[in-house]
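What follows is a single structure, and I will ask about it in a moment.
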Amino acid sequence: MKKEWPVWEVFIRSKSGLDHRHVGSIHATDAKMAIENARDVYTRRQEGVSIWVVPSKEITASNPEENGELFEPAADKIYRHPTFYILPDELTHM
Amino acid sequence: MNQKIYNYLLILADNPLILGHRLSELCGHGPNLETDIGLTNISLDLFGQVRNYLQYAAEIQGLGKTEDDLAFLRYEHEYRNYRLVEQPNTDFAWVIARQYLFDAYHLPLLNQLVGSKDSQIAAIAQKSIKEVQYHHRFSSEWVKRLGDGTEESHGKIQKAVSILWTYCGGIFEETEVENEMSQLGIGANLDLVKADFLSDTKYIFNEAALSVEGVDWSQKGGKLGVHSEHLGFILADLQYMQRTYPQMNW
Amino acid sequence: MYLNNDPLEADFQAKIDKGQNIEAKDWMPEKYRKTHIRQISQHAHSEIVGMLPEGNWITRAPSLRRKVALLAKVQDEAGHGLYLYSAAETLGITRDELYDQLHSGKAKYSSIFNYPAVTWADMGAVGWLVDGAAIMNQVMLTRTSYGPYARAMVRICKEESFHQRQGYEIMLTLCNGTEVQKRMAQDALNRWWWPSLMMFGPRDAESPHTEQALKWKIKLKTNDELRQQFVDQTVSQAEILGITIPDPKLKWNEARGHYDFGDIDWEEFTQVVAGNGPCNRERLEARKSAWEKGAWVRDAALAYAEKQEQRSLKVAV
């Protein structure tokens, strides 16, 4: 049998209150082992309080060639940002 | 009294010392990177426990010795570890079987030691128990993977378990010092540890389709300082620097 | 600027020139991909082959404190190998394929690990010099253009920061110790000094990939620049230890603002890279042996996972 262990993406919450963040990947044969391998590899220095693992093949990514249509239309919608609105200087907390 | 606690501490320390040594031999030689890193984590946990026990042992011995004097400069018959943990890294099945059998004993042992009347022992056990819960999880999962994996892996882990099982009797052969420590509420009651060990192994071996029926012979002696041939070679490595270059700081 | 007729490639180069990172799914020239696979995997192989010379001293470490530090360090190298293989995998090659390249001798790894670690002082010298040299390269690579590689390097640099200190502390203890220990330290420096300088690779004039690597920001400094930086910083460290760098030509050059140093034996370098170093055969055999002996284990875990999945499907039905 010549087969590789599947690749899993690893996400770690470094402390409570923060989002899980992608830190890298590991190989594992099942979800349980993936958690253990992620723990052994990526939290040796207390980097985490929670781990997510996802089989890499289950991730659907946007296509960078479509970045124009996906992301550029948001660029000129400056009215979505607070700095768009002109208010008097005396108004300090808003 | 201190001498007795000292002797008891050596039993507690020497098992993780020798098992940690065996695991450390594997660093860089595991079946893949993830497993290599996992085994080394266990080795590091065990050495941490050793240091806690030996620092305390050196302190109550009161002769001004250090953890290193105790770890590196005893004679072979003064090491109190079980024969189980000396057994070599014959293949990955041996590594896993040896680890699991030790963990199945180590976990209930610590479960009792957290309630030790010796506050230092209780504190060390409290810190160690979380590590050992993980070791047990790691090793028992691997016993199941190998037992219920391929025909080849089943054959290998069954063989390793059958052979290593014969070293488990020695773990529960109560010595005088263990008996006394248990009576005083300082040490663990080995009969209770053994009961947990037996139910744990029964459950996991059943899950893993493994059997130890018919293996009723037991190799004894480790705790009394009588070892297998392997320990001499382990000590040749372990003690090499301290023996070759005595009385130096490193 | 340079001339380029391919608009995709021009965009790509413009991005790099602006200091933007290239990510796994972005368009990239095939040569950029191939060069990265080669460089990242070489780097990964160096980490895991590099475990071997130090690994052989773990069981003989002279104190429990040194033992756990060394064990943790060698384990880190396994981790670093893993991060790097993961980065290479984003370029469309599997870790097993990369292992095959290593085991067949097709892929290279750092020549330094083909030298033997014969005394405890070598653990000091390797940490101090070899890790010191590696860190220079790695710090530079945290700003490399390929995102997954740069991020792996950030993590590696964070973890590596104790490695060199660990090695230097070993050297310092030896140098403050007995005559035997001092001699051991000097001997280790004598043996590891020149191979450490070779770690930075051939001279710029003879380095075929340098120009392209700089253009694509795979490298940000040349081999000779990094080598000089290493010599400059190491001289004073040796002085603190009170041991002598084995180079009679080593001398401060006021005009250049750098140390001048003697000639590297490039013939030795070529031979070691070609497979004729003192330990090439042993190192490769050790890697192959671990991999081959682990085959049944990896297969068993896969088979078990498949069985478990089948069972859970049956339960679901």
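By letter and in written order, the chains are A, B and C; residue numbering begins at 1 in each of them.
The rule is short, and it goes like this: a contact is a pair of C-beta atoms (placed from the backbone, for glycine too) under 8 Å apart; a residue touches a chain by one contact, two chains touch by 3 or more.
What you are looking at is a predicted structure, and each value in this text was computed from that prediction instead of being measured.
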| item | value |
| --- | --- |
| Contact-richer chain pair [A-B vs B-C] | B-C |
| Chain located farthest away, centre of chain A as origin (C-alpha) | B |
| Centre-most chain [mean C-alpha coordinates] | C |
| Chain A and chain C, separation of their C-alpha mean positions in angstrom | 28 |
| Distance from chain B to chain A - Cα centre to Cα centre, in angstrom | 41 |
| Rounded Å distance, chain B centre to chain C centre (Cα mean) | 35 |
| Sites on chain A at which at least two other chains make contact | 1, 5, 26-27, 29, 33, 41, 44 |
| Junction residues of chain B - those touching two or more other chains | 32-34, 37, 41, 145, 150 |
| Contacts with two or more other chains, residues of chain C listed in rising order | 75, 79, 82, 298-299, 301-305 |
| Residues of chain B touching chain C in the complex | 21, 24-25, 27-37, 40-41, 43-44, 47-48, 50-51, 54, 67-68, 71-72, 91-92, 144-146, 148-150, 152-153, 156, 234, 237-238, 240-242, 245, 248-250 |
| Chain A-facing residues of chain C, complex | 23, 25-27, 75-76, 79, 82-83, 86, 89, 94-96, 151-152, 155, 159, 298-299, 301-305, 308-309 |
| Complex contacts: residues of chain C adjacent to chain B | 48, 51-52, 55, 58-64, 66-68, 71-72, 74-75, 78-79, 81-82, 85, 120, 170, 173-174, 176-178, 180-181, 286, 289-291, 293-305, 307 |
| Residue numbers on chain A that touch chain C, as the complex places them | 1, 3-5, 7, 23-27, 29-30, 33, 41, 44-45, 61, 63-65 |
| Chain A partner contacts - residues on chain B that touch it in the complex | 32-34, 37-38, 41, 137-138, 141, 145, 150 |
